[in-house]
């Protein structure tokens, strides 16, 4: 979450529009973009899992948390930089996701509401396991040294690391899009989403496709978790509220639309930054929540409705 | 049907006997233990409130804690004002710390107990009505209801934590005076207080049962199965859903008020996502289809928590999570479903045994006359 | 006065015109059969009348009142009942509970709060005996046979006592005897209730007779008695030389 606007009192130099410092405004806009990029990576995993299987994965926040702890673990005990850990973290959390899917979620594909409950239970268990294994203290992970420093554009200060996160999230989006539309696996997945029974008649093992998809979504959450570690402190409960936001992003974007998820993440990130700037952090978040609820109510299909279904 | 009804009545009777007689006796009328159990009863009451909308109408409200918390804060405000009578301007201490000049207008009405109690019901109901009309007029169902109620819960909790000047922020409202009801100063560690809480639970149960067993309950069950079909019979589905939602909020607010009396403080954690989903867990463990079962679910899980978390602090949460996964996977209808299946199997067994006996009797007679169709049906 | 009037009714799904400028007038107490090849827009027409689907053009008049914009429960209250193609009864409820739901003369929340017991003797008993479900009153509807479920839904419509009843293939999956009995029930309703019956079984259409409307590609193709319609060359063409006999 970006820092609140101390700008009004201290009056930093630079151009002004009314009482709004343009520098503060653009700094805030950049903070919003940075938040949106994290949100996008969390929401992307959720969107794939929800879009493909109709599973509301409330343990997704815990996957993020596990990713963060994995990054911390790898740095503390092996001295890995986050950049080096990313593939390892992805695999670790994907494996945990796979275990969760095989162990619990696969029994609930025909009971979507119950997946909310079961995955919440999984979240409790994962959270508690971490608490028992690592403790409840906040953990910190150092930023990779290559990405130290800032880019300064006029009065706007952008840390290299945040820029990296934004670029990386866009790359992840592109990779996911490629995976879903241009590969054999993607074709199979889309076939299963369209009609599971018929796909099975053509020799697609839908069970396997589901498991892979769930693992991939979990892995993405893990990466998101690893990437936020230099920005926020790592705690066992860090994922609980993130999942609510990410879910709103998924639904706002429209089920089954990657583009929608990306746009919604951008909107929510920027809106949160903007409202935080105008009000304060908390009320900004409240305002955004209310705005999202309103949007969902009047556009239940989301910003980018799935055109195939209708 | 009649059998089912008899089964339910036996259940109600057992439940009454349990909380009115067995529990006080088993706890040796010990004030401290009774207070702890009164806490379980109020939590059972919220679980029951959730069962009213979730089991009764298929509305999975993940934000039930919001209405519970509102009731709790309203009661806490009254008791805080009472405790602050000797302060300058009668202002609560935490307002002094945050430089609030004078008592905010929305605190004023809570000097009066009748207003407080009324508000403890009406404010949650009003909130539920607004959210309910908002969602159900837009024909929001299923998963979307769950997500929207969850988002509302998060927003409400954020506001309560943020507005520290008026709500005590993270600390909540503490240092409360005891309630005075018709000149009876409520001692929350007494047997009479225990009976007061259980009386409230029973009254709420009776009212909720009235709703569920009336035609409204029937229409709601139909809505749970197929809302579109219900509309084609001329029922305004959104209205029925909103009614269930509001009734559930009223009971949750009631439980919230009682909870503050039991614990003597209000905290924003009452409106947290973990607490709200815990309510769902209790309800699911007991059985969402039955009000009494859901209440029992709340009581049992919290009782277990009280006992087990003393023994192994960390393990408890793990156990709770695992229990929940297990309940969802293995017994989606909760303990209630388990009992019902068992009962059905027992009655089926007896029915068959009786039928068999009659058959052997019949075949014994038929040997005398003449051997006919043995296979029968 | 005409009870139901459709004027230039149209609906589009994506680019497909499922119903395309349909005009239809029904007199009070009339029994109208709606036939046509698959995809002619028969079920969609019923959906438009009962409010399941919103039209993209045209208007619907019921008792001279424009109901085009009304939500489905208001149309139901105005007196329009619907039977769906696949039996849509409430499977989790018992037979008598299903019928209590269907008894919806007072559908308000507050009047429902005062009802605790189904009043069985009277109309409900008559209906139950008519459809031979008296033995199954307390059976969960989901445990009934397919034919019984069809009967239950018809019974529910009788309980609802709608003045205009829309039936979508009421005899699908019924035996010959059951079909004949359904025909008898429909005949008894004629005069007191207006009915639109979508049907594929031409024998059943002949049995219940009445006026027949033929639809094709979302529009009216022909209208008249069964004999007139069967002789109509356009109808024959639409049915691909089927000759109008047997199944469409």
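Order of writing sets the chain letters: A, B and C. Residues in each chain are counted from 1.
Rule of thumb we're sticking to: a residue touches a chain if its C-beta (ideal position, glycine included) is under 8 Å from a C-beta of that chain, and two chains touch if they have at least 3 such contacts.
Since the structure is predicted, the reported quantities are computational estimates derived from the model, not experimental observations.
S.K.: Looking at CA centres, what chain is most distant from chain A?
M.R.: C
S.K.: Quick one: which pair of chains has the most contacts?
M.R.: That would be the chain pair A-B.
S.K.: With chain centres taken as the means of their Cα atoms, state the distance from chain B to chain C in Å.
M.R.: Chain centroid spacing, chain B to chain C, equals 42 Å.
S.K.: Using mean C-alpha positions as chain centres, tell me how far chain A is from chain B in Å, no decimals.
M.R.: Those two chain centres are 33 Å apart.
S.K.: Distance between chain A and chain C based on Cα centroids, please, to the nearest Å.
M.R.: Roughly 49 Å separates the two chain centres.
S.K.: Where in chain C do residues touch at least two different other chains?
M.R.: Residues: none.
S.K.: Got the chain A residues that touch at least 2 other chains?
M.R.: Residues: none.
S.K.: Which chain B residues qualify as touching chain A in the complex?
M.R.: 60, 62, 134-135, 138, 140, 142-144, 146-148, 150-152, 154-155, 158-159, 161-162, 273-274, 277, 280-281, 284, 314, 317-318, 320-325, 328-329, 332
S.K.: Sort out for me which residues of chain B touch chain C in the complex.
M.R.: 1, 211, 213-216, 218-219, 221-222, 224-226, 228-237, 239-240, 243
S.K.: Hey, which residues of chain A end up touching chain B in the complex?
M.R.: Touch list, chain A to chain B: 56, 58, 104, 107-108, 111-114, 116-118, 120-125, 127-129, 131-132, 240-241, 244, 247-248, 251, 280, 282-283, 285-286, 289-290, 292-293, 296-298, 300.
S.K.: For the complex, which residues does chain C have touching chain B?
M.R.: 50-52, 71-74, 76-77, 81-82, 84, 88, 90-94, 97, 100-102, 104, 107-109, 112-116, 138, 156, 160
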